[in-house]
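A quick write-up on the structure given underneath.
Here the chain labels run A, B, C and D in written order, and each chain numbers its own residues starting at 1.
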Amino acid sequence: MTIQTTPKQSWWSRIAHPGQFVAWTRPLLWPLTILTVLLFVLGLWFALYNSPQDYQMGDTVRIMYVHVPTAWLSQFVYAVMAVSALGSLVWRHPMADVSMKAAAPLGAAFTALALFTGSLWGRPTWGTFWEWDGRMTSTLVLLFIYLGIIALWRAFDDQLRAARVIAVFTLVGAVNIPIIKFSVDWWSTLHQPASVFRADGPRMPFSILTPLFVMFFAFTVLFLVLHLKAMHTEVSRRRVMALERQAAQGAKS
Amino acid sequence: MRAFSAIIGRELALALRGGGDVLTLVLFFIITGAIVPFAVGPDKALLASIAPGIIWIAAFLAMLLGLDRLFRPDHEDGTLILLRHAELPLPAIIAAKVIAHWLLTALPLILASPILAVLLAMDFSAFWRMVLSLLLGTPALAAFGAIGAAVTVAIRRGGLIAPILIAPLSVPVLIFGTGAISATQSNAALLFLAALSLMAVALAPFAAALAISSAED
Amino acid sequence: MTQRQAYPSLVLRAQGLACGRGGLPLADDMSFAVPGGTCLFLRGPNGTGKTTLLLTLAGIVAPLAGFFAIEGADPEAGPLLHYCGHRNATKPRLSVAENLGFWAAVNGAAGDSVEAALGRVGLGDLAMLDAGYLSAGQSRRLALARLLVTHRPVWLLDEPTAALDTEGHQLVTDLIDAHLDAGGIAIAATHDPITLPDPARMETLALGKAA
Amino acid sequence: MIDLGPHAIFIIAAYAGVTLAVAALIVWTRLDARRVAKKLADLEARGIRRRSAGPA
């Protein structure tokens, strides 16, 4: 199974070897970190100093610069997990398991942040921290799914077996999310025909879009860095577990 | 005293290190509470009026769900038998386990309750009364739960029986717990709740110890 | 080996003891006396009540008839016996040292240190490992180490050699022998032909024949 | 500091919360990485190596 004994390989199977994957992606870590910091500095400067008030929402529009990127990440991370789950089930790609596991806590954190900033945005604009509207409710359900997946990871002793089971659940969740979204929308319009929050809000001026885009990229790159780092840790953790098992066998007198 | 804290420390280490028991219970608590609006509709006035009841029921169910982890793993791997020859008497050991159980199953729920309070549109004063009533009432739930778990520990697949046994015993906790939030005589209800908890916590270790030592026979 | 404290001279005496489970007697009318420094081996086919007798002596199962007592013990002296059953009572998510340290704290740390006890049972190198990684035999050794971290005069051992290799058998023999040196009492149910270096210290109770 | 208008408290809370959570994520990721690396180094120092250890 060592990498040297197999003569030629595509990049695909080369990154399939965890040690190789770490060796290949470690040099990416620092440049990406620097990029994240730069994007955040730029984004925060735009968001807090160099953007006007919105004519309707006033200064609370600034909350949007952290709310929208985290809300995007809440869905993007799930997409990453779903793709990894597919990779784990279909191609049995070892890095897919690792990616899936590393992404779950990050996804949960960003989803929680999206809800948190959303409710802080909602208080001044709608006058309430929480509204059972379609968007917020389905984000809440998404958070529950994330946390359930984390609980599932922690419940398994054998992480290799866990990966396949959780991959199945992740995909079921991915199929189910649109259904949840639809049903929640139906449910909320049933109870309150006039929604307080229009999805297609007023057209955004350019001065708001700039900080939004910068923050959007900043958060996405932040996720990539953290995800990569967590994947490296996970690879090491698996090696630790293998070594510990070996230590128990080796020490058997 | 060292033995007492060793038991609590071990229970905490076991729960925090693996299995995700605590996270699961908190999730169950939040989800149970958050699912009610889907059934009754998101009308804020209605939700606010039933919120104390929802939160107490969610806490009650979550604590019942966690009962099985109190004695069963220790029974299955033989720890429970060995603990009977410890320096501490069995009721003291069970008291330590009940304290750890409360720290692991009730305290996280109380810490998570602000989330449900926001979701269910509770107002601020009702929220504080609810935290107070949970703090006073959950020790009684943990103590009653210990009795139920002890009685069913020797039964294979007894996990489902304990909640059925415990639910009727805990009705007063529920009555005074929700009463302390909404009723007009809420201070009296809080006092009743505190008395109930004190009594249950004082008696439960002895009852549970008796049940465990007779179960093995 | 480590230095050992001497126990007060004790005698475990049983008279007309009958034990069984669920009211059904498995072994009855047993009378024996085990003085300090002696090991009583319980032998006999499966289902003849060896485990039940040990549980009875441990005070977990009530005897059906007769009585037993540990004579010569100071009634104030706390628990006198160690029971070592089939199940090892180890927690897979705690490390080997943590598992043992817990029992040292709960049973009173009046014995070997955790490191010394692990060294004696041959687990010294694995102290930091999670107990879940241990094999059946290693878990058994961990369970035996529990007898060492707290010194108690009476050992009740149920199949102490289960899952152990020949070297492990020797370990059990050594541990029992050292325990007897200190004036302790051991009662062991076993199918394996364990022999102590000094046959005068061994007594055998055959179950299942008299009944 | 710029004037954040009447709802400053919500804006500050949102940014503070996000900053805290992101900082916690970063710290947790690093601590976890360091802990696992230390454990791995300990094990390898004790001479246990995996047969298929790559040139990582």
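Following the convention adopted for this analysis, a residue touches a chain if its C-beta (ideal position, glycine included) is under 8 Å from a C-beta of that chain, and two chains touch if they have at least 3 such contacts.
None of these values were measured; they are calculated from a predicted model.
By the document's definition of touch, common neighbours of subunit B and subunit D comprise A.
At the centre of the protein atoms shown, by the Cα-centroid criterion, sits B. Centroid analysis (C-alpha atoms only) places A farthest from subunit C. Looking at B-C and A-B, the interface holding more C-beta pairs in contact is that of B-C. With centres taken as mean Cα positions, subunit C sits 37 Å from subunit B.
Each chain gets one centre point, the mean of its Cα atoms, and the points for subunit C and subunit D are 48 Å apart. The geometric centre of subunit A is 33 Å away from that of subunit B, both derived from CA atoms.
For the pair subunit A and subunit D, the distance between mean C-alpha positions equals 15 Å. Listed for subunit C are residues 125, each touching two or more other chains.
Counting partners per residue, subunit A has 157, 244, 247 as the residues that reach two or more other chains. Each of the following residues of subunit D touches two or more other chains: 46. Contacting chain pairs (ordered by label): A-B, A-C, A-D, B-C. Contacts from subunit A toward subunit D in the complex involve residues 1-3, 17-20, 22-23, 48-49, 53, 58-60, 62-63, 66-67, 70, 106, 109, 112-113, 116-117, 120-121, 123-124, 222, 226, 229-230, 232-233, 236-237, 239-240, 242-244, 246-247, 250. Here subunit B touches subunit A in the complex through residues 18-20, 23-24, 27, 30-31, 34, 37-38, 41-44, 118-119, 121, going by the rule given at the top. Of all the residues in subunit C, the ones that touch subunit B in their complex are 21, 55, 58-62, 78-79, 81-83, 85-91, 93-94, 98, 101-103, 105-108, 146. Every residue of subunit A that touches subunit C in the complex is listed here, in rising order: 157, 244-245, 247-249, 251-253. Put simply, subunit B touches subunit C in their complex at residues 2-3, 6-7, 10, 13-14, 17-19, 74, 76-79, 81-88, 93, 213, 216-217.
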